[in-house]
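In what follows, chain A forms one complex with chain B and a second complex with chain C.
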Partner chain A sequence: MIVLEKRPQPSQAWSLATPLVAVLATMFFGGLLFAALGKNPVEAIMTIFWEPLFGEFSFYYRPQLLVKGAPLVLIAIGLSLGFKAGIWNIGAEGQYIMGAIVGAGVGLAFYPLEAWYIFPLMVIGGALGGWAWAMIPAFLKVRFGTNEILVSLMLVYVAEQMLASVSLGLLKNPEGFGFPGSRNFQSYASAYNADLIEGSGMHWGVVAAFIAVIFAYVLLNRHMLGFHIRLTGEAPRAARFAGVNPARLILFCLGLSGALAGLAGLFEVSGPSGQVSIDFNVGYGFTAIIVAFLGRLHPVGILLAGSLMALTYIGGEIAQSEMGLPAAAIQVFQGMLLFFLLAFDLLTNYRLRLALKEVA
Partner chain B sequence: MDLSEINPVLLIASLMVAATPLLLAAIGELVVEKAGVLNLGVEGMMIIGAICGFAITVETGSTFVGFLAAALGGAVLSLLFVLLTQVALANQVASGLALTLFGLGLSALMGQSYVGVKPPDTPELNIPGLSDLPVVGPILFSHDLVLYFGIALIAAVWAVLKFTRVGLILRAVGENHDAAHALGYKVIRIRVLAIMFGGACAGLGGAYISLVRVPQWTEGMTAGIGWIALALVVFASWKPWRVLLGAYLFGGITVLQLNLQAAGVAIPVEYLAMSPYIITILVLVILSADKSSAPASLGRIFHASH
Partner chain C sequence: MKFTTLLATAAMTLGMATAGIAQDKTKVGFVYVGPVGDGGWTYEHDKGRQAVEAEFGDQVETVFVESVPEGPDSERVMTQMALDGADLIFTTSFGYMDPTINVAKKFPKVKFEHATGYKTAPNVSVYSARFYEGRAVQGHIAGKMTKSNIIGYIGSYPIPEVIRGINSAYIHAKKVNPDVEFKIVWAYTWFDPAKEADAATVLIEQGADVILQHTDSTAPQAAAQDAGNVITFGQASDMSEYAPMPRVSSIIDDWAPYYIARTKAVMDGTWETANTWDGIGPGMVKIGEISDAVPTDVKEEALAMKAAIADGSYHPFTGPLKKQDGSDWLAEGEVADDGTLAGMNFYVEGLEGEIPQ
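After this line comes the complex of A and B, so read on.
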């Protein structure tokens, strides 16, 4: 009989290996799923993981990797700080939407003025929008002890209704012939989040994502606040004795993750998506949860995990158009990844040992 | 705007229908949490139940078989949660989220060929005489059987938790798993059964949405009801009858806002549609001050070293 034996210290090697093992297991079982759907599993996996990087049209897909990866990394970095401290913000999707609405609103308010300061103001607006939306669960948790998981999630549905409301009303394009959705930022130079180098996919959101990774790395490894975050997650009692203020930590972690999610929303709506519309959000806020865990809540890991997730999005789209693989299959594939990751994580904290069955 | 169009009798009858999915999912989760496990995957299990129930009902033509399949589907999905939290000892919050994300994807995949299909009607109770009574008839005696089953389930859970040995053991495991283990109770086995019960209830609740409440299949149709069910358990302070009360309250709000939309009240549709979620938050705030009734071992990982 196999018994579990708790390791005195989490295994460093397994901690690094589990994401890889999880990806391999997901490829295998994902392949089985694709086979069950009547597709050639090897071809499907190759299409998802190889085609976007080295295939015939990779010159088109590679920039997309940055476009899709940036919001995921940006959001996941914020979430990871909270997750590390046991603060569960799962409403990033709502903060992403609110950031986009506020940021886009700031930009549209200046229309048709052209000035250098409009885009920076939009960025600030986006961050503030997301921050404010995340401060609702943060404040309620600090003041009343309300569960932040449920509140932040409920606010996603509220934000979706807000989005529907503004795309049909407040921010609707007055010259849009009655169609829902705002003006397109592509035709408004001062507010458009264009590629910094034409055709590279490198827009300001990508820059922000890289800055966030570096910032988080420094914060966690070189700063007292980062140490407090780690301490609270690993040993809450010790943290309390060390004088960590839990309320401040909650406000900081939720506020920062909200601001980053809001930024991601603003960069998306003013760039790749182009306009505020009812369904411009595609679930990055939820996928970012998978990214944060897959990256082991470590900034560099999240960068890699975000790239991998972006790959499955792009590869999934290719497989959809070329092989007729249903879009939902990719969603299942991404969900599977989180499953295997959590399952294999057992090996980080426990050792498997063969033992004779004994009476307890 | 014409508020007189809103018929109070029909309102009450339809709020009972709107409350049933919530009620089923919440009473299941209550048992799970009483055993000391926090399963945030209710939404995922509900949506899997919704599609399983819908697909099987359409294929077999029998709603009874459909609801059975839904309960089975929810329970099978909950086994994944069992695997993660009871076998691999993973974090329950993360595992619950994984379950929801996976369930939403899988249900979309399974439901592709069922979009736009109309399911057979669910049979309704019809007692000649009683069902035809004014006011009382439509409210009490002319619903589908699952609705009555939901209420009976509340009573059953209450009785089992309060009066039976099984209920006592379940609560002991949830309050202090180390002590329960020391007394020789199989903590993991009891929790696995509780989680599967929760999954089956969530599955039933989901199928009620796709077969009775709406009735059709659309992707992501549970729209947060699983999460509201989680909030409802907190609202009910882990007491079965309060789940019933809470579910009817939320059902009432949902139905009322739909009625107001239809009556053309001056409030924009979007604001009415977000009201159930906002009210859930408000209720959570009001009730979160008192955490004393929560099971003491809720969300903690159990690992017997000996």
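After this line comes the complex of A and C, so read on.
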């Protein structure tokens, strides 16, 4: 009989190995799933993981990985700081929407003026929009002790209603024949978040994601505030004795994650998406939670996890169209990834032992 | 046991060689906003795709990607299909409009067909169906059938297509039942069974005994069935599994003839940009079997209206009609022009509430 035994010390090796093992297990069981659907499992796995990176049309898919991964990484970095400190911002999707609305609103207010300062102002607007939306749960938690998980999550649905409202009213394209949706930023040069090098996928949001990774790494490893964040998560009582102000930490973590989510929204709406529309948000804010945990709440890990998620999205689409795999199978495949990660995570703190004698 | 079966299947498929694809096949791609099993909008488009396969057999290859979010994701899916050698791509949701135009610019040799939009290009056509013609027939039946005089309407998004449907149904319900009242709920989704069921339940609780829907799932039908004594109409697809009650009739989108014709045009090299807006007459919109739950006289009137619309002798938007604010819209005998209909952003007189802004 196999028993679980708590390790005296969390295993460093397993902590690093679990994501890799989880990916391999996902490939294996995902392959079985695809086989059960009557598809060639090796071909399917190859299509998902190989095709976007090294396939015939990788010149197109590689930049797309950046486009798809950047918002995930940007949001997940912000969330991870809070998660480390035990502050659970589940509403990044709403902050993403509000960042996009405010940032786009700033840009559209200037239309049709062309000036260099418009895009920077939009960026500030985007960050402020996300920050302000995250400040609602932060303030309510600090002032009234409300649960930030519930408040931030519920505010996602409020933000979705706001998005629908501005798409149909305030920001609606006056030349759109009454159809919902704003003007398209792709035809407004001063506000368009274009690829820095044509066709590279490298827009300002990707740059911001990389900066955020470095910033978070330095903050966590070299800065007092980063130490406070880690300490609060690991030993809240010790943190209080060490003079950490929990209220300030809540405001900082929620505010920062909101601002980053808002930035992600702004870069998306002014670039790849191009317009504010009712269905603008596609769940980056929620997927980023998975990315944060898949990356072990570590900045570099998040970068890798974001890239991996982007890969499964893009590869999954290719597999759908080339092999006729149903969309649901791809979603199950992605779900497996998180499931196996959490399952194998157990081995970091516990080890398996064969118990030869049973206790009567 | 299951596990070994799986392994065996895995081994078997491994051994299977992928069939080579001949170069001269015409490849047709479809981008769907919902799952192919939604039982409504996407289901009908996919039936159109299957019809293309059935019609041309080995001469065509069709591919599709389902549940594609509107926005950059759809742009990538279209690009991927174009890169992969598609000759013709149907993008079947309004929100794919700008992405379709963007991708079409990059692939001038690939033909694109965008459903329900208004932007065309040398290689982009738009097509849609005059669903409002079906709504007129629906409104007539609904007006005659309601006992509570409250008709519930589940709207998806307040866009012209949906507003047109509401107006058309209301005008014809009101014509046969002056006391009728419409309650409209906006679901802000094309496909979300949970939200649609909630909307239907709320409307039924407010006294509606007829539910009209402009969303794609069968959830409102199921909600009506549970409530009992509530009638519904199939949307986009026949939804005949809910007949004869609650589903008493339906509006069916039949894309197959159009898809076959356009695929043929690409094969023959005769494809040209077009702006197609067909209704009951050419068969793009069909009225599903009116069930026995509807009294014979009502059924006959409905069929007569359908015939009149089909042969062009009756237009669902014929004056005198006023806008909601009381201002004049169409004079006696005047018929609405397509431009106004395409961008319709107002309710007709008598409807309560405001179009969300």
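Structural remarks
The rule we apply is simple: the second predicted complex is superposed on the first by the 355 of 360 C-alpha atoms of A that agree within 3 Å, B and C clash if a C-alpha of one lies under 4 Å from a C-alpha of the other, contacts with A are read in each partner's own complex, and residues count from 1 in each chain.
Quick note on the criterion: a residue touches a chain if its C-beta (ideal position, glycine included) is under 8 Å from a C-beta of that chain, and two chains touch if they have at least 3 such contacts.
Here the structure is a predicted model, which is why all the values come from computation and not from measurement.
For the composite obtained by overlaying on chain A, chain B and chain C cannot both be accommodated without a clash. In the superposition on chain A, A:N40 makes contact with chain C only, while chain B stays out of contact range. In the superposition on chain A, contact is made by A:P326 with both chain B and chain C.
Once the two complexes are overlaid on the shared chain, A:G145 sits against chain B while remaining clear of chain C. Shared-chain residue A:L346: touches chain B; no touch with chain C. Within the superposed three-chain model, A:K6 lies in touch with chain B and out of touch with chain C [touch as defined at top]. When the shared chain is aligned, chain C comes close enough to touch A:G31, but chain B does not.
Of the two partner chains placed by superposition, only chain B is touched by A:L338; chain C is not.
Of the two partner chains placed by the overlay, chain B and chain C both lie in contact with A:A164.
In the superposition on chain A, contact of A:E234 is made with neither chain B nor chain C. Clashing C-alpha atoms with chain C appear in just one stretch of chain B from the list 111-119, 147-155, 165-173 or 273-281: 111-119. When both complexes are aligned on chain A by C-alpha atoms, chain A residues 161, 164-165, 168-169, 326-328 touch chain B in the first and chain C in the second. Chain C meets chain A in the complex at residues 6-7, 9-10, 13-14, 16, 18, 29, 35-36, 63-73, 75-77, 79-81, 83-84, 94-95, 98, 102, 118, 157-160, 188, 342-345, 356-357.
Residues 31-32, 35-36, 38-43, 57, 60-61, 64, 67-68, 160-161, 164-165, 168-169, 177-180, 184, 186, 268, 272-275, 277-280, 282, 313-314, 317-318, 320-322, 324, 326-328 of chain A touch chain C in their complex.
Put simply, chain B touches chain A in their complex at residues 40, 80, 83-84, 88-91, 93-95, 97-98, 101-106, 108-109, 112, 219, 223-224, 227-228, 230-231, 234, 268, 270-271, 273-274, 277-278, 280-281, 284-285, 288-289, 291, 303-306.
Residues 4, 6, 88, 90, 136, 140, 144-147, 149-151, 153-158, 161-162, 164-165, 168-169, 286, 289-290, 293, 326-336, 338-339, 342-346, 349-350, 360 of chain A touch chain B in their complex.
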